[in-house]
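Starting off with a structure, shown below.
All chains are identified by letter, namely A, B, C, D, E and F, in their written order; residue positions are counted from 1 within each chain.
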Amino acid sequence: MNKQELGWKKVDELGGARGMKAIKAMEDASPRLARLALEFGYADVYENDNLDLKQRALVTLSSLISQGDAGRGLHYHFYAALNVGLKKEEVLELINHCSAYVGFPKAIHALHIFQEVAEEFENNN
Amino acid sequence: MNKQELGWKKVDELGGARGMKAIKAMEDASPRLARLALEFGYADVYENDNLDLKQRALVTLSSLISQGDAGRGLHYHFYAALNVGLKKEEVLELINHCSAYVGFPKAIHALHIFQEVAEEFENNN
Amino acid sequence: MNKQELGWKKVDELGGARGMKAIKAMEDASPRLARLALEFGYADVYENDNLDLKQRALVTLSSLISQGDAGRGLHYHFYAALNVGLKKEEVLELINHCSAYVGFPKAIHALHIFQEVAEEFENNN
Amino acid sequence: MNKQELGWKKVDELGGARGMKAIKAMEDASPRLARLALEFGYADVYENDNLDLKQRALVTLSSLISQGDAGRGLHYHFYAALNVGLKKEEVLELINHCSAYVGFPKAIHALHIFQEVAEEFENNN
Amino acid sequence: MNKQELGWKKVDELGGARGMKAIKAMEDASPRLARLALEFGYADVYENDNLDLKQRALVTLSSLISQGDAGRGLHYHFYAALNVGLKKEEVLELINHCSAYVGFPKAIHALHIFQEVAEEFENNN
Amino acid sequence: MNKQELGWKKVDELGGARGMKAIKAMEDASPRLARLALEFGYADVYENDNLDLKQRALVTLSSLISQGDAGRGLHYHFYAALNVGLKKEEVLELINHCSAYVGFPKAIHALHIFQEVAEEFENNN
């Protein structure tokens, strides 16, 4: 498997059908950005075993909440977090934890997005 | 134990003597900010068991890297992360992971601070 | 009155019926985040008299504009600012002032949100 | 021509009819913010020849992507960038470049906004 | 008085000898940036009376804390805030207030800078 | 040449001896982060010709100024920008331009770092 294939495999593992669709939409808009994301962001970054997928989900979500992601990234990665096995209670507590480190406005913004995603995830699973 | 005492206990558990000293310095400058940090940031936030201390360390560090913390917060929380049992390899991989989510400049900035802290931690332990 | 009740009282004082509704929606999604916000963000933070409600509104709004709040926080706190007695002219000048400190894109983003909120506030009052 | 007129001229040069409409909407909401933007943000800043309009577009877009602009600024300035002659391929590569400096979430957020703007621009030209 | 002179007058009013020195250092490095700051950032922005100097200081400091200013801006504007008459207690409470809106790391970073500035201010006055 | 070698070649082209030293220091602290930076951040990102090195320098610097880089990234990339042929006047105007898009505090912070770097660059060339 080449790096791009490894990347797609990782997208599928993280985000399932929903993730594949999102990355394909990105590929339509910019094949080169999609290739960089697949080869670097997925294949290279996720290949290392020092953190597992659930730990990475905590890191990714905290980063998105902290950078004030407007919505697209939070939707995608909240779904992926639940999909790799993070429990709803763990995600909610991650948001609570972030309130002390980046303040309530970003935590509350994230909470309302998570609420939508959790509902969508439960309907699909 | 009242909330403030619970907060100090948590500071000790996270940061040991180094952590106690940092919060006491904050208390000298602003007793009220220290009380808010102890009662809310430590006692209230950390009392919940849905995330353990190592998971919280991942979340905190990702937040600090992502918000471009100038140094004080990263020093404090890199030390605390090692102190609660996160392995050096896990912290390094957290930094690698962040490079894809917030870019290389913030990851490299964090790496050089971590290098100092890891050395200090090894000398103390 | 316990801290949570003090928090609700403060929410009412700041945001009126609109504010109560917003915090109740947050409570539905995450009772623990709502409790942390009420007890810390409202009861503990606002109890101190060194800044009055209008001064706090200036600080809160400047923070939200500067962190590039996507919209939810700005809506809530623009309304609260008018509700505690900040004049429309003061809020507009706060936005002008911010243009020099965080640039025009964040100031203009905030202005258009304020325009909606000011209209809603005038219709309600 | 006074500074305000120079500002309007620059808005027209950058954003054409679409740009004029956006700044007029800002002027309706806050005449003073519009004046500050026109006299400083346009007349004073753009009068200098050390960078040309295409170079300035690269700088502006990188700034907006990096500060996580929620959408309004990116729409306006993606359009202006194409309007002053930056090629679609250059803008796409700017987004790719940013992925290494601010991470993929901000790059992908920008890409999807650019896709809409590029389509709108092609329909108008 | 032309705009540049008005700007210098405002710098003096805000920062006194310390402020004048800082802006002159900026002028040495970039006469054009200094001119833009004086004419726009000082003369144009501060001429309006809808906010007074103490209110503007609250807005400026909240912005700097929220954007994670590395130090230069916080030093300059903490000094100016005390110089225009904001009380030490008000600045400390502003920092406390910010802890709920941008999290403790930025609040604590600011506190330690303020501690240095407050000492310097007391020695000079 | 493999990707890692291509990456080193690009580091040399951008930052010369100073750049090589910085990336080697990073490699000492984290071989994996260095490899990711070389293969992705340098080899993959810079291989595309839709933007040349001077255009990329504008994009990189605007990003670093806008994200409030504490210093390490700005030092490295101001030097690289001069090294690939951006004129001092162009860099100064980029900083001026950014003042309108991210505010004066970040522009002034960057200016003082650039002043040091420009002096160092002139001494070396």
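Quick notes
In this text, a residue touches a chain if its C-beta (ideal position, glycine included) is under 8 Å from a C-beta of that chain, and two chains touch if they have at least 3 such contacts.
Owing to the predicted nature of the structure, the values given are computational and were not obtained by experimental measurement.
Each step here moves to a touching chain, and the least such steps from chain E to chain F number 1. Note on E-F: its contact pairs, compared by residue number with those of C-D, D-F or B-D, agree for more than half at C-D. Each chain gets one centre point, the mean of its Cα atoms, and the points for chain B and chain E are 29 Å apart.
As a whole-number value, the distance joining the C-alpha centres of chain A and chain E reads 39 Å.
Within chain D, the positions touching two or more other chains are listed as 32, 36, 40-41, 45, 48, 63-64, 67-68, 70, 92-93, 96, 98-105. Those residues of chain F lying in contact with chain E across their complex are 68, 70-71, 92-93, 95-96, 99, 103-109, 111-112, 114-115.
Per the touch definition, chain B reaches chain E in the complex via residues 25-26, 29-30, 32-33, 36-37, 41, 63-64, 67-70, 72-73.
Looking at the complex, you find that chain D touches chain B at residues 98-105. On the chain A side of its complex with chain F, the touching residues are 32, 36, 39-40, 44-45, 48. Note for the complex: chain B touches chain A at residues 40-41, 45, 48, 50-51, 55-56, 58-67, 87, 89-90, 92-94, 96-102.
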